[in-house]
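Right after this note come the structures.
Okay, so subunit A shows up in both of these, paired with subunit B first and subunit C after.
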Partner chain A sequence: MNVVVAKTGTGRALGDAFAVARDRLPGKGAISDLRRQAFEAYERMGLPHRRIEDWKYTDLRALMREVLPLAPQPDATALDRAAGTAKAQAIEGVRRLVLVDGVFAPDLSDLAGLQKGLTIRPLRDVLEAGDALSGQAFTADSSNPMIALNAALATDGVVIEVANGTVLTQPLQIVHIASAAAPGAIVTRSLLRLGRDAVATLVESYLAADGATAYQAHDALVVAIGDDARLDHVRLVEDATGAFNISSATVSLGAHAHFNTFGMTTGAHVSRYQLTVAFAGEGSKVETNGVNLINGKQHADTTLLLDHAVPHCDSREIFRAVVDDRAHSVFQGRIIVRPHAQKTDAKMMTRALLLSDEAEADNKPELEIFADDVTCGHGATTGALDENLLFYMRARGLPEKEAQALLIQAFVGEAIETIASDTLREVAIAAARRWLEARA
Partner chain B sequence: MPAVQETVERVRRIDVDQYRYGFETLIESDKAPKGLSEDTVRFISAKKNEPAWMLEWRLEAFRRWLTMTEPTWARVDYPKIDYQDIYYYAAPKPKKTLSSIDEIDPEILKTYEKLGIPLREVAILEGVEPPPGGAPSANRKIAVDAVFDSVSVATTFQKELKAAGVIFMPISEAIREHPELVQKYLGSVVPTSDNYFATLNSAVFSDGSFVYVPEGVRCPMELSTYFRINERNTGQFERTLIIADKGSYVSYLEGCTAPQRDENQLHAAVVELVALDDAEIKYSTVQNWYPGNSEGKGGIYNFVTKRGDCRGRNSKISWTQVETGSAITWKYPSCILRGDNSSGEFYSIAISNGFQQVDSGTKMIHLGKNTSSRIISKGIAAGKSQNTYRGLVSAHRKATGARNYTACDSLLIGDKCGAHTVPYVEAKNSSATFEHEATTSKISEDVLFYCIQRGLSQEEAVGLVVNGFVKDVLQQLPMEFAVEAQKLISISLEGSVG
Partner chain C sequence: MSLLEVKDLKVRVDEREILHGLSLSVNPGEVHAIMGPNGSGKSTLSHVIAGKPGYEVTGGQILFRGEDLLEMDPNERAAKGVFLAFQYPVEIPGVTTWNFLHAALNAQRKARGEDEISSPAFLKKVREVAKSLNIPQDMLKRGVNVGFSGGEKKRNEILQMALFEPAVCILDEMDSGLDIDALRIAADGVNALRSPDRAMVVITHYQRLLNYIVPDVVHVMSKGRVVKSGGKELALELEESGYAQFEDAA
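This part shows the complex of A and B:
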């Protein structure tokens, strides 16, 4: 149904904010035009609402109401606070690249001694230089207003290139830290290009420094994986509980490539992660797994789109949601098999565990199949913890909360186990454990 | 395959007689002027001798319809319907007032005979004359309400049903004879404002069946309605209302066919079921409207709203459907599980071939405590068709102990068709247990090879595999329908291989 929406006061305010922010945004000429087009695409649709099928369960007009003006450039104190957070939540053995309030912070990042074949640059520099790459970073999806908005307003990000045949020995981590105390929008965009036969591991973390609460993070990640290359990707959303995190990742795979991704959301008041994977070469494999652990009044939405455009590709999705209190978990997963994508093998499994009577879980796994020689399936379950299992454990002397924690751990474990790197798997397990301990 | 010539001939042969019910009956009919306006609504209401409240109800629906827009969310694609280019009422011209079945226009009787539907109850009762088509049902009694274009032409076994207290009659008669029941229940499950097509139906529905099963009565026979569109350029808008009072049981079957024509015809029906405490309604459909020719020309647009309300405790509503016809099918037989311990079932086989488009599924809305539902959907897409399952399972805050099991399987035959699954699973209650699974695949080459090696032709082999695939649903159909449905499935798939 088409709904004509009159422009609201906040909508006009955002238009003005864009006009003001334009000079601050990096990129001239062609990039500037792209930004304007992207903003017009956003303006045509405005904030997505429940009448738009893809946003049926995450009505940003009701949940977010407005897009805030851009957060100011971080000052020295903001950077200090961010440094503290980065240090406190550091992961051993990774190369850290830190963005504070949407601005790359070289002083907090590890840029020394880059391995041969690896280049890392801030997005701002790439855009200002008018590099050929800048166009690629801006492949905006004009059908998604939030990705279009990101293209229009992105202030900075990280551009990572891994040359053909390079096997990275150290995982890379992009750390997004919100540091400003005043609420603002943090709009970032990063690009990762993996050449032929390259191998890399990327961790993305979303954190808040002390005092940062009601900010809005809008991140977009654009990934191109070359032929025979492999990317392991872990994404941890631990934003402040008053914050919004509306992000996306757009991934394209060459032939015989392998992409393993895991996402875990424990933070943010409202979060939405939209992952689009496009198979462009035959014989590729994708594993997309995720966990939502949410409570209070949190709302977490994971939306996947797997586009099998070529034959002989496999995809696997395992998703688990644990929903407590009055939280609301959403999982939408669509598998498209295009007319010539024969021999596609796609499976998706989503399960939700409801821990409270007021919790809500919505699952919408979709199959859209135009080729006949395929094996596709999906499953979805929703339910509470098994009373019999709880009773068994309590009869053996475990307190209720502990028994529940064990069962929940086993429930999400299935998804977490798919993380290839031992270090990162431990990081994810630790994050899940923190959530469970906070609950007890 | 070497037998190219043979294949070509076979396909050609099928084209001619694929749709067995495509003939037309030449009888005079009485039509409302073309187009839709308040006058059309008044005309229909006057034709039916309706009381004033009914006309008001229709006009209110019509006025609301004018303010609505046609929905576009389904995965179907068709040219815009010109609602002013349709006849909204067509009735076979009565030769004189009817007093018994023998006085019905013989042309109409012949039509139903050709379709294999017995209207002559005596013959069946005595088992003298096996029903046409040779279905093994000679000894079973089925009461039939036959709807021809816009009016009901005959309802059989009325006397015997009356003895049991069951009311089974055309809804136009029920409006006059049982206004209290109609007024109480009509529109209580599908309100006039429900959706675009239901609202249109509320304004212009011409006939349909009305069933009321009183408290504690188990309906002594299967009830059945056969819908036939005959007239050119007409739309069919029937309305069915079934009420099962406390502790009663009724099984109802419906079948539908239409002549082969190049133009598209609209069928927008509304079916409302109400099950009170401990009552059970079993509703089976074999839908075989004309699907259009091999180029996708013609065929029926089947835009139907079917909904059952499990209003009482321990009530049960079960939908079984075999969808093989129609150019476009757009229907979601649903259950509102309002009563505690109520249960809903949906068994469906949807087959699409040629250029057919199917967007069908169900909604199970759990409101009461300890409600359960089961969905078994089998979609088969062949030719250049698109087949979508779209379903909703939801448990509301107070629906403690809600339970659902859903299995949707799709089978693709050929590489030009599409099969899609769009389930919505919404749980707002921690004690709800929902399970959903869906698979899509093609017929295994190994299985086909095995069958062909043992002397079956390719088509027979496919038929065998498909029948195995849909077995779970066929078992839910009453015996005589199951046989018919099985034949239908093999007919609809003809020409899809080879």
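This part shows the complex of A and C:
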């Protein structure tokens, strides 16, 4: 078939960049072919724009304009700066796995004394060894241009395996740190496999070292949760204010599995998180919750797809957006209930709080139900802080910003409360407080 | 000098004048009752004293210890010692009564240049006050007024009054929605706070409340003005003859 592709100037530049970068990209043979196909798929589509329904509210052609060439390999100075950031923003009690400018940094990572049943390897090693897991790490939706781009250009990542029956005693944290002063693309891809009856907690943090500003982070996470396994997942986007974070997670669940995920975006100039959850076994449960706290000209998009392909599964979403100044929050949540997925119980509630007249929030919940014996519902509200509550609080002595802060904390608290781990819940609360204090 | 002095106050809401030159002078230790029919401007007066947005003061003054209250934000007024007990206390889901009161008390103390109160000291203080008002501890752990009955909400207002120790308390229709037992508990709480340094302004529609909180001075409001002032016997007189005579007078 002949396809005429109208290439933009930037598309050609990126094509050249891909050709140049190929030597740096791990994986031979099948992986190399896969990368080339993924890049071709991306080139056919290009940067998504508003005329594509899924990207209506997040027009990357307008917001991002181009994909930058890959950031250079971090040198000793870069690693030093990243080490400082990792230390300053460390979460106590977690096992840290650090990626700096898209490269796994063993010296900054905690790899000693791994619990039995836990294996952690850099993606680069897995790909270069031609390991069987390589293919799984690259399972991806090539119809999505940004996920295809990630497959083409991913330089490194973390591959985590938790064996059957292994209950991790310590949360794992993948820390993405951008160190480069010069803007570049940081493309990473990680894989987490939880065996049958395994239990794990994964934190993902996106951070910037001082001076890193207009970088582009493109991360992809591929997760397979086995039968009767449980994964708690917390994702914190604290990128630099000039940065882009265009990421995805693709999660599949076995039977009677449980996936609880919470995402919080306070950082990045433009961010988009595409989470796809596929129910492959009956009796599983998914909670996908999140909070956006954004201001200035920030743009934060959370796009969910929950695919109820089998019967007797439950899904719940609680999403809260707090939008100040001229910021723009987007929540798109699609729930698909396939024809034989009877007894599905799916509920989605999203609320946005606008703190200024120019703030914008777009909520798009969508239900596509093809089964007839299901319980499904969704709701969306957008509003301002209640003036009567504010006056009551001020009449008791609270200055306006403090009164607002208490109400905002309560508003996002409903979503934050769903985090199972006490430590991680406190981390999220602290991040919310920092945002509110910066505002006061 | 009066503690609270309202002079020839004129207030508009949405282009309509509600108060047409109201004057009132309250001294420390006094309890004033303001009575009047619906729509006479009683609640407007309480809102303007507390600083609620949405009211336009077109004339007159409100002085608190000689200072211009209208120049202050609501929170500054609270820190100075002005307290409004709301007719309809709001519910604040997700903010525990506990946290709210602690934050509010510390904000007031900070505004006055005082040290913040520590959690243990605050805890002790709230527990004592709550006990005296028959407020169970678990109510303090819940969201502010969330799921409280009408009586519980009003008791929570009095708890705050006791905690913040204001110089002037404005009680806006404290009796609305209360049965006789709840009213008695609330009134006992208010009476316990009467002191030679503190003044109270009790706004009410009915004389009933004044059997429990006995005022020193009674004012009758009608159509945005005080039309008559007198001793506590004026309230009884109103109970007998109603407000109609004053509506004509206004």
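Basically, the second predicted complex is superposed on the first by the 435 of 440 C-alpha atoms of A that agree within 3 Å, B and C clash if a C-alpha of one lies under 4 Å from a C-alpha of the other, contacts with A are read in each partner's own complex, and residues count from 1 in each chain.
In the analysis below, a residue touches a chain if its C-beta (ideal position, glycine included) is under 8 Å from a C-beta of that chain, and two chains touch if they have at least 3 such contacts.
Only a predicted model underlies this, so the values are computations on that prediction, with no experimental measurement involved.
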First, second, both or neither for A:Cys376, with subunit B first and subunit C second: first
First (subunit B), second (subunit C), both or neither touched by A:Leu407: second
Subunit B versus subunit C as contact partner of A:Gln170, first or second or both or neither: neither
Partner chain(s) touched by A:Ser142 [first = subunit B, second = subunit C, both, neither]: neither
Subunit A: partner with more touched residues, subunit B or subunit C: B
Which superposed partner A:Tyr392 touches (first subunit B, second subunit C, both, neither): second
Which of subunit B and subunit C A:Leu355 touches, first, second, both or neither: first
Where subunit A meets both subunit C and subunit B, residue numbers: none
Touching residues on subunit A, where the partner in the complex is subunit C: 386-389, 391-400, 402-403, 406-407, 409-411, 413-414
Complex contacts: residues of subunit C adjacent to subunit A: 50-53, 73-75, 77-79, 83-84, 86, 89-90, 92-95, 99-101, 103-105, 107-108, 111, 143, 160, 164
In the complex, subunit B residues that touch subunit A: 69, 71-73, 397, 400, 410, 412-442
Touching residues (chain side subunit A, partner subunit B) in the complex: 1-2, 53, 339, 342, 352, 354-384
